[in-house]
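Chain lettering (A, B, C and D) follows the sequence in which the chains are written, and residue indices restart at 1 in each chain.
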Amino acid sequence: MELVSDFLQYLPASIVAAGGLTVMMLDGYKARSRTIYTTTMMFLGVALAFATYDLFYAEDQIIFSGMAGAGGTAAFGTFIVVFGTFFTVILTHDYLVGVKHNFPQVYPMIMFCTFGMIVLATATDLVTVFVGLETMSICLYALAGILKDKRLGVESALKYFIMGAFSTGFFLYGISLLYGATGSTSLEVIGAYTDGGLIYWGGVSLLLVAFMFKISAVPFHMWTPDVYTGSPTTITAYMSTAGKTASFVALVLVLDRALPNVSSELTTMFSVIAVMTMVLGNVVAMVQDNVKRMLAYSSIAHVGYLLVGLAAGTVAGYSAVLFYLLAYTFMNVGAFGVVAYYEKNHDVHFNSVESYAGLGYQKPIMGVLLSIFLFSLAGIPISAGFNAKYLVFSAGIEAGLVGLVIVGVLASAASAYYYLRVMVYLYFREGKENVTLMTPKKVYSFSLVFLAVLTLYFGVVPAGVTELIFGFFSEGGIVEALP
Amino acid sequence: MVGLEWYLGVSAMLFVIGVLGVLIRKNAIVVFMCVELMLSAVNISLVAFSSFMGDVHGMILVFFVLCVAAAEACVGLAIVIAIYRNNITADISKINLLRW
Amino acid sequence: METFFFVFIATFAIGTALAMVFSRNTVNSALFLILHMLSISGFYLSLNAQFLAVIQILVYAGAIMVLFLFVIMVLNMDEDETIFSQVDFKQIFAFLLAIVVFAQLIYIGGEFTGTLPDVSTQEMMAVGTVEAIGDELFTTFLLPFEATAILLTAAVVGAMLLAQQNINVEDEN
Amino acid sequence: METLLNLTIYLPLLGLIGILAARSEDAVKWIALAATSVTFAVSLPLIFNFDVASSDTAQFVTESGSLVFGLDIKYIVGLDGLSLLLFMLTTFFGPIVVLGAWTSVKKHVAGFYSMLMILQTGSLGVFASLDLVVFYVFFELTLIPMYFLIGIWGGSGRIAATIKFFLYTLVGSLIMLVALVYVGYHAGAAINNGVFISDWRVLSGMEYQIGLVEQTWLFLAFALAFFIKVPLFPFHTWLPYAHTEAPTAGSVVLAAIMLKMGTYGLIRFCLPLFPNAMLEFAPYIAFLAVIGIVYGALVAMVQKDVKKLVAYSSVSHLGFVVLGLFALNVIGVQGAIIQMINHGLSTGALFLIVGMIYDRRHSRQIEDFGGITTIMPVFAVMFMLAAFSSIGLPGLNGFVGEFLILMGAFTSESIGNIWFAIVATTGVILAAIYMLWMFQRVMFGPVTKEENKNLKDLNAREIGLLIPVMIFIIWIGVRPTHFTQYSEHQVTVLLEQADEKRIAVIESAQNDIHNLPNWASKFYDITPSLAEATTPKTDQDER
């Protein structure tokens, strides 16, 4: 009976997995691609509904005999992942049809990948973290290579695979050493271990290095720009939002549960990495002419901002990171969605910023949406991006990292330059050749509009969701101190 | 009686050989094999820990690592085949289309 | 006897690993890796992990390496490759990194202080059996186990996605 | 009344929805005009119901619950003596700007007016918000529409100009954000049980004081943002470009309203929060302001482009405002406040007038004109009034502001050197020279150019939009007390409070002098307090 209730707590993941298997079999029976897409959306819709329900009503508890959690951060991570997947699948379908690569296997892959992400985001045991991480990564390696008849596509898949597999080795070694030191793989037990010792520290550092690989923090970022540029645009959106969210939620959980005693000692390390990531990401993004590559470097820069929250190492910092992930999902899926739309109208490598000249006036709605998403990414109020940066930086200041925050703020100001550059081409320059954009599908533009509305909504009233997030970490603590 | 340190030492040595291989070899397939080497090196230390602590969890993790290794090999080899289809070599030092 | 066995296996494992990394022919590399995997299962046996020893031979040597060899043969990749033809920055870096990591790992391994619980040989024997592993695998580790099932399915679908040629792509609109 | 205030702020956004729904360009214009006019009409009861006697407390206040969980950030809007006039100026310029752009904007009309509407809401929000974070949000929000206004509808060098404008302002305000968050946490730890707080009414009160070291850095961070926005002398380089490249409506809003956000921020936030730093930095800043006054005037003199001339005259005039503010006495600050309004009216009018002639002639070069008076007499009268107001002719508004500021600067203790005021006075003379010289070259003399002979005089729309501005230019000049009365009480209270706070901070610093770094005790001239200085003495006496 316990098993049944465990599965009930784990419904979104189960539904996604079942959906993936169903879609896979539909493909086996040569179903039409339309049917496959519809079925995928149906399963994802149901999963999203349950994830939303869990987000608000599920209690924080441990299920599957300590292997996974439900409620709290787990529910939050699940929600972001399923939400991001839901919208990327809508965009992906349209995009892949546009570029004539709409393979039926893509949909089960995305579903399995989402399942892996959920497992990762809900894990409370290093074994689960490992399995979830690998499920996610292996699916992403394959998804990165969808454009397999393009040199760019397969090369990005190969690069991603080699880098990913390499970091998996370090990740495992870290787990192994931690296991040896503490005698368990459970995050709780590891968190209770206080003796230190070289094996323990070796394990912690290897584990964190592997995580830095997965979230693409400098100096472990070198795969990111290439992979993000070579992958299909909407899959890039998927990797950089849902994938990154899952890794980050897992990292926050590991820091919060497994390393509560040492997480404050990691502040210096995280600060250094954050500074490098923010500076390098932003500086290199400035010189990019390819919008997709620019967004890839900007996503590295955003990892830097997120690391400021981790460096703070406080409840406020971790909560800010979670809010940031939510906001980042809205705006980045949206931005990549519009980029994919522009790209789809031309050819697969239509991404240079010059080719955007004057596009803002054709299909003005898309131009406005891209502007909203880019302003939000740049952290201009009133957008979710601003609030996210505000929370992260204010957590940093509260933790006394004023210098780090000033670097972050300046980096963020620099980032405005390259986001604005896109808008300069969109609106301020005349297009050289006559480009006609086709009308986007209703569902495509509706989902983008919805994401933009959410971006603005969480820019204006973040109170509700911040309250929810703060509740995940603190029993008592800050909640009582509030007026 | 062979102590735990011996196993850990061998494991570390094998892991480093694997890392070295990944970094210096150019053929994609050999690089994959070196990754497999890294994984199996970790497996040794996991099993050693598990056995010396009398705790089964480490061995179960090894079981999962085996599965993951199999899955990685499956996808990795598919990627190599896709690369060959495009008439590109598997020499990863020549995969330089993407640069910053 | 036990020590002799260990030293033998260890030498064999390290030797084959080095041979794998440094052999110029891809096929030879793969064959050395198979030998290496066999020696690893020797370690498992000496650690009383019978189940894993068997799995190791079945999965690695039996399945994965055959796959590797198969692909190498199909793609006709068995040409020789020069490894040290030109010493570039990356290789020097690799060696330095490897030495650093190795020193670190040895240091960590050597420092292992006796936090181990007292485990009798009897108990050590009991850990690695099929019963013990199966028992835990299907109760405590149910979720990762199921996830692994999905993982393997996904890997197969992914391989299909990447390697299958001429998939029928329906044109919509 | 509270509802009315919120309505005023958000009515333009309602207009924005209407504009987006509108089908034809004419409809867009009329909706924009209606929205801004209604905004102005709705804002009128606010000034009539404003309680002058208690202008130091915010009126018509709306206060929400906490916006972000765990931080005491609230949506607080209200008007007090400092913000009332600027708020009214903003609503007043709404319909004028819309009318001014009526025929000159030809491409993407709906986009243009949408941007104006967002800009209007943003500016109103800046002046009405009483919470630091909400202020910051509105402050940044005004950047986006201005960015597009210059970038899309501007002149040939618009892209470089708009990016420069955006990045300059953004860098400044982001550094201010860090300081602002620091203040929030600092105040929270001091007076709000450790919970972040950013309510201006609490922070400006007596119970919250900031130590000298923190005050220095925080003041510099805040001031940098505001100085860039003003813009004060070394930070002014973005302004001429932005002004010259912006479309007429953009220049008007930029000059009349957005530049005031800088000076407004200085008086609203820097004065009550960092009184010590404000006092000690006053001479240096006055120095920069005076340089700005003279430099702006001299550069304006050699300009060949009328619009650039007006832009540089802005640098000069805003130097006066900053000088008045840092005089830190009632008369100077009052002068600065009224001069903000004056500069808005006169420079706004000048930009409108330059825009009108540009629409007809498609040139702004002084040498392209000459003898326009005979061809366009009504235009000449309007231009003359605006130019005289900008010069500061007695009887017009400019005189009142500049006179008060110079009075304040002469008697100021904070600036401490009468030479600043004397040099600043030359700014008035230089203003007369460059304005009148330009006026003479453009308006008088023979008509040399063929194209100028057929210019049409102002039409009813243009006269109609200039007349209200002219009325206020004369009204303020003749009866300045009608306007200065709104802020008088508050300025007095604010300065008194700042004095008290300053003394209290110095006292606590004296008692704690050992923890004060050397530079700080030197800069703020802190000597050990009497009690501490005398203790060793008495010891010696006893021996």
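Points worth noting:
In the analysis below, a residue touches a chain if its C-beta (ideal position, glycine included) is under 8 Å from a C-beta of that chain, and two chains touch if they have at least 3 such contacts.
Predicted, not measured: the structure shown is a model, and the values here were computed from it.
Among the remaining chains, those touching subunit A and also subunit C are B.
If each chain is reduced to the average of its C-alpha atoms, the one that sits nearest the average of all protein C-alpha atoms is A.
Between the chain pairs A-D and B-C, more C-beta pairs are in contact across B-C. Per-chain CA centroids place subunit C at a distance of 69 Å from subunit D. Centre-to-centre separation of subunit B and subunit D, using mean CA positions: 64 Å.
Averaged C-alpha coordinates put the centre of subunit A at 42 Å from the centre of subunit D. Once the centre of each chain is set as its mean CA position, subunit B and subunit C turn out to be 6 Å apart.
Residues of subunit A in contact with at least two other chains: 127, 130-131, 134, 138, 141-142, 145, 148, 157, 177, 180, 183. Of all residues in subunit D, none touches two or more other chains. Contact with two or more other chains is made by residues 105, 108-109, 112, 117, 141, 144, 148, 151, 154-155, 158-162 of subunit C. Pairs of chains in mutual contact: A-B, A-C, A-D, B-C.
Against subunit C, the residues of subunit B that register as touching in their complex are 1-2, 4-21, 23-27, 29-30, 32-34, 36-37, 40, 43-44, 47-48, 50-57, 59-60, 62-64, 66-75, 77-82, 84-85, 90.
Chain contact summary for the complex, subunit A toward subunit C: residues 3, 10, 17, 20-21, 24, 32-34, 64-68, 97, 100-106, 108-109, 112-113, 115-116, 119, 125, 127-128, 130-132, 134-135, 138-139, 141-143, 145-146, 148, 157, 177, 180-181, 183, 195, 197-199, 202. The residues of subunit A lying in touch with subunit B in their complex are 127, 130-131, 134, 138, 141-142, 145, 148-152, 154-159, 161-162, 165-166, 168-169, 172-173, 175-177, 179-180, 183-185, 225-226, 229-230, 284, 288, 293. Interface residues of subunit B facing subunit A in the complex, by the touch rule stated above, are 8, 15, 18-19, 22, 28, 31-32, 35, 38-39, 42, 45-46, 49-50, 53, 55, 57-58, 60-61, 64-65, 68, 71-72, 75-76, 78-80, 82-83, 85-86, 88, 92, 95, 97-98, 100. Of all the residues in subunit C, the ones that touch subunit A in their complex are 104-105, 107-109, 111-113, 115, 117, 139-144, 146-148, 150-151, 153-155, 157-162, 167, 169-173.
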